[in-house]
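The structures considered in this document are given below.
The same chain A turns up in both complexes below, where it pairs with chain B and then with chain C.
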Partner chain A sequence: MTAATQATTSTAAAAPPAVTIRDLTIVYRTPAGELPAVSGVDLDLPPGTITGLVGESGSGKSTLALSLLGAVQRPGRIAAGSIHVDGLGNLVELSAKSLQEARGGEIGYVFQAAQNSLNPLKTVGKQLLDLGRSHGVRDRTALVRSAKELLAGMGLDAARVLDSYQHELSGGMRQRVGIMFALVLNAHVLVLDEPTTALDMISQANVLKIVRAVHTERGLTTLLVTHDIGVVAEVAERIAVMYGGVVVEQGETADVLRAPKHPYARALINAIPRVSGDLSAARPLPGRPPTLGTIPTRGCVFRERCAVYAERQLPACVAEQPPLAPVADGSGRLVACHAVAVEDQQATGETA
Partner chain B sequence: MIHKKRSLDGATRESLDRATNGTGTDGTGTDGTGTDGTGTAGAIEARGIVKSFKARGDVLAGRTVRALRGVDFRIPPGGAASFIGESGCGKTTLGRILAGVESFDSGELVLGGVPLAGLAPRKRAPHFRRVQLIHQDPYSALNPTRTVESILRDPLALRAKQTGQSRAWIDGRAREVLDLVGLDPGYVLPRFPHQLSGGMRQRVVIARALTVDPAALVADEAVSMIDVSLRLGVLNLLRELRSTLGVSVLFITHDVATARYIGADGELYVIYRGEIVEHGPTETVLADPVHPYTQCLLSAIPVLHGVEQPGADRLAPTEPLDESQPEDGCLFAARCPFATDRCRTEHPELGHLGGTAHEHACFYPQRRSVVATPLADT
Partner chain C sequence: MRNLLVRLAGHLVRALVMIWVVATFTFFLIRLMPGDPVAAQYEKLVQQGMSPDAARNATRLTYGFLPTGSGWDQYVHYLWRLLHFDFGRSTQTLGVNASAEVLTGAKWTIGLVLAGILISFALGTVLGVIAAIRRSSGVGDALTITGSLFHAIPQFVMALVLITVFTVIWPVFPTDGNVDILVDPGFNGPYVASLVSHASLPALAYALSMFGSYLLTMRSSVISVLGDDFVLAAELRGLTRTMRLRYIARNALLPLFTIFALTIGFMFGGAVFIEKAFNYPGMGITLINSIGHRDYSTMNATFLLITAAVIVANIVADLLYTAIDPRVRRGGEAVA
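After this line comes the complex of A and B, so read on.
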């Protein structure tokens, strides 16, 4: 029996697993050859935390999220690196069969556009039984009971929802059904890709509240992918900012929002209009986000749009991509920027 | 490449002049059917717009959905009106009615000073043409098999035919509208939509709308699919078109901060189940909302912890939105944390708050601090 099938029958709260991603590179085959959508990424999801992964369209968020499910598909492939999940090992080295069991089992997920990812021809309940079957669940009664508990916990009329087709549910209800599917086999790692996109404010607030509650109750390790920094600010204790396939800054959400250090993180946060305070504080970020073909292959990925580079013209920015390294202030913040590294050196040099 | 807007010239200046002339005069100036395809004069006004649909879907089929229950609004030339509200509250329907792509059951619409209710449908068309709809999706709004040049040429050729302009005018005008939206004509004209970024594509959509010298743009979630870093650029463009061309903007969104950015100097309308429940100057409504629905809506905006502190009185609706909730009293009563028996039986009408421009439809208006505010030292 697999871990997943055992999990449905025992609700014993295991310690949330840690997820450790190292030097991960994922490439897509294109007419111009294999190009990296994720380049040498290091990312830690500490056990029991929600980490928000933000970045613009095409920065590689979904590709990275898919790799956590062992679901990168052709024309993509993992070219290098490791993804270590407590209890499962290195996903990159698992067999296709073990990955299939882990996916939807130990690792639950809600895909981008989950709103439309339900099968329109089958009721939610029917799809639940399909999921159970594909993961070798024997005890169907327990499976349904567990689904009902989850749905009711999210404020839904469970019996009615299980009897419904996709088109009979609102957007917010569908997102909740997606979360139920992600967790019903007792996942301990939860991956949510844009769980609130296309929802209105009140539905979004409800879904986020539910994510937070379920995460805490079940002791999960959660990765939440979104382009909306507000969403991360609301629920995630940690944030990772991606640009051009690279994680450029990682740290405690409130710290990063208060004082972003990477020039891209700073520009991105400054580009958000606010509901109060000085409107003119919002500043557009010049240039446009790169696509696979236009990500610089040498030097810093952000250089072309970087205000700091425009001013200081550090040769290192042209020579190589800066590594994601801890900043000197001891806050545990990680930043990939030559200019920040130089400032740190100067500061520590002065105090020494 | 996006570049800085050059000086306004030619036909652009013409429309600028018209816009300036129009400002201040209210309602009556132009008849809107003139040979140059109408003027910008006059506010846009809607009075008591009502619209019902026969419901779709299995569960509700046959029931009537009251999408709009008598909506009033007014946008002066160059002004902005933003509409916020939950999904299904009638925002898109309202925008589509203003652009003439959806009919309405009753009420009056005044465009360019001309009341439309009395006109035959054929006579309404030229007025509606001056209200251009900008959709959410810049990816599907443009024909992928045509270059930007060809996309702009059609509406311009039609216009040239109506006004007896030459071929050269068409080419010149295509460059002008691209200039206006901050795109380099030389770069974008020969390109196909897929060769442009989302922000650039949305600018092309706006440029296309400008080919008809619109009096108003209806921007329905126009930036929600655009990358955060490019969003502000498009919003700035809309702001600029308001002031330089006198174009009015009806801005529909779930994103309150965006509505504020585009229309801080304009009006904010909060719509619930087809009814305006609160309205006033944008900054006033955001800083001092008095209707519990507005307060719930604004409470749901994510707080940027670390940079902002949540409002002290943040609140949430007691129930989810359900179209079958009663319609006798206040439409929000079933979900309102403060509802009384009166709310469940009597319908509160929209009225002014102590003689100000701030309107609300609640028996118990009360200021509550629900919006996040910047933390002191940021």
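After this line comes the complex of A and C, so read on.
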């Protein structure tokens, strides 16, 4: 973490958040009834920051990312809560037409690198014009010009890329084309879903560098969804950790990575092997991540795999899901854990 | 462009080889059938007192090919004439070239087949898209079941059902022939109307027996495209619904070109059944009659024409595929 990112974070903290998610619940209709993939999530994206959203497969992070564009796919639907985006209002209440305009307009979305996010039968340039037409862009020359600037800024031969089909581009190039599509209409919120998965290490580093650069240059508010904590450590000022459809810990990336408070965040970070040191120091988290059908409906979602619960058996862990609450150290960190709350109470009790 | 020419040249070479193979097979298969009208004519002339040479020449003049000689000689002679687009003379209608005989029938068959293809393609793709989009509802299930059912009904059964329903139970269409012989031929209202009403039922028989396979293929193709990442990506990029539907349709149509070419062969094959059922004077009827009369030349010409039609359809489908799919068109020229 550089000094510059620290500075942006501290100035950003004062401004109202660009994206405010409150009590968001997204359910999927299944033969077993409607099951929540995201339950009661609160999340703020301060303007000008990159927030990393991490979690295992099935933690609900991609569903949450899609909801930021009002595009939760059927059979899923937003059952409760609100998503306020600066300049757009509550996405949940927007009409289909305004949502369509907001997607790609105010909010840009970049797909997983492994996915083919382009129509295989049309050149990048033709799809750019389709984008312009869908968003009522009159000045096509200006649209092409800004696309070329973006592509050239990411180190690509813009004219050639615009004349290419998807199968003629490498993974790293596709990813940069994806970023161009997300930003060419001057979106101010950028959602990246696993932007570096399936790229080789060098392309990965390049894409992250580009994300960082366009983010700063354009003053974006960025949400980066990934299962790779290394990626978050590299580019994100803030981190939110999801488990079983719930945000369990949220705070400054440096703080959370140095001293994770929630048992899940701790286990996740302990599972990363170090570059130097003993490989066996990395401890995998026992058990397996819950799926839609196996998320506990009562009590803490992480209880069954939780080392703290195994040791202390707090009754509150069985009774209810702990709310995401600020911890007592005043760092602005939010943690959803009964054990942490109890410790905090004891600590404040002792000091009092 | 160079690419395209190379492709086309390859197609032509393969087409010629295929035509030669079919010509050879039909030549010998036909002659394996019992009964040989040319030899019979030759024998008759000899018995009438003609010298073998004169009888031979007379028969050759009548039918356009060697009545005697070894099978090999006849085969070489046949191929040689084929190279000059000489298909020999019909043995059932004396003095008429086999090619003229076949082409007279072919124009009616081609009309029917084209009408059948257009109707079934339009019906099949549109219903296929609906079946795919509404796949979790009753409408989707009903369409899929209908498609499978019609796909399973043989063409001649379809023809008989249509005849029963539309000419017997509810007589709105004429039963047989290609046109009412009482109206003046030419480009006038009653004649065209008569042509259309005569062609309706046979064309419908083609269409109904074919649209099922288009429907089923289009349905599964659309479903698979709907699951493609670029469809969601297009939605998240805020493309309008119309634009997205166009993306989906164009991608989903690709696999249909493959079955399109196969269908054309199937349709020409079906001509035999459907034209017989409707007594429609196309190539199918010509073929049946020529088999009945052991009319070697006409049979050969018909088989070759059907072969050529299927080959041409395949080439056209392949070229269209090249035009529509950049991955085939520009496969070798990836941007570095």
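Quick notes
Note that the second predicted complex is superposed on the first by the 331 of 352 C-alpha atoms of A that agree within 3 Å, B and C clash if a C-alpha of one lies under 4 Å from a C-alpha of the other, contacts with A are read in each partner's own complex, and residues count from 1 in each chain.
In this text, a contact is a pair of C-beta atoms (placed from the backbone, for glycine too) under 8 Å apart; a residue touches a chain by one contact, two chains touch by 3 or more.
Remember, predicted model here, so these are calculated numbers, not experimental data.
By the touch criterion defined above, A:Arg160 lies against chain C but remains apart from chain B after alignment on the C-alpha atoms of chain A.
When the two structures are aligned on the shared chain, A:Val231 is found in touch with chain B, with no touch to chain C.
In the superposition on chain A, contact is made by A:Gly104 with chain C only, not with chain B. Using the contact criterion defined above for the overlaid structures, shared-chain residue A:Pro120 touches chain C, although it does not reach chain B.
In the overlay built on the shared chain, the residue A:Val92 is in contact with neither chain B nor chain C. Residue contacts after overlaying the shared chain place A:Arg133 against chain C, while chain B stays out of touching range. In the superposed model, more residues of chain A are touched by B than by the other of chain B and chain C. Using the contact criterion defined above for the overlaid structures, shared-chain residue A:Glu168 touches chain B and also reaches chain C. By the touch criterion defined above, A:Leu64 lies against neither chain B nor chain C after alignment on the C-alpha atoms of chain A.
Of the residues of chain A, those at positions 165, 167-168 touch chain B in one of the two structures and chain C in the other. On the chain A side of its complex with chain C, the touching residues are 66, 69, 71, 73, 100-105, 109, 111-112, 115-123, 130-131, 133-135, 160-161, 164-169, 178, 181-182.
Taken together, the chain C residues at the contact with chain A in this complex read 228-230, 232-241, 243, 247, 250-251, 324-327, 330-331, 333-335. Residue ranges of chain A in contact with chain B, taken from their complex: 56-57, 155, 165, 167-168, 170-172, 199-206, 208, 227-231, 233-234, 253-258, 267-268, 271-279, 282-285, 288-289. Contact residues of chain B toward chain A in the complex are 2, 57-59, 85-87, 197-200, 227-233, 235-236, 254, 256-258, 260-261, 264, 286-287, 296-308, 316-317, 320-321, 371-375, 378.
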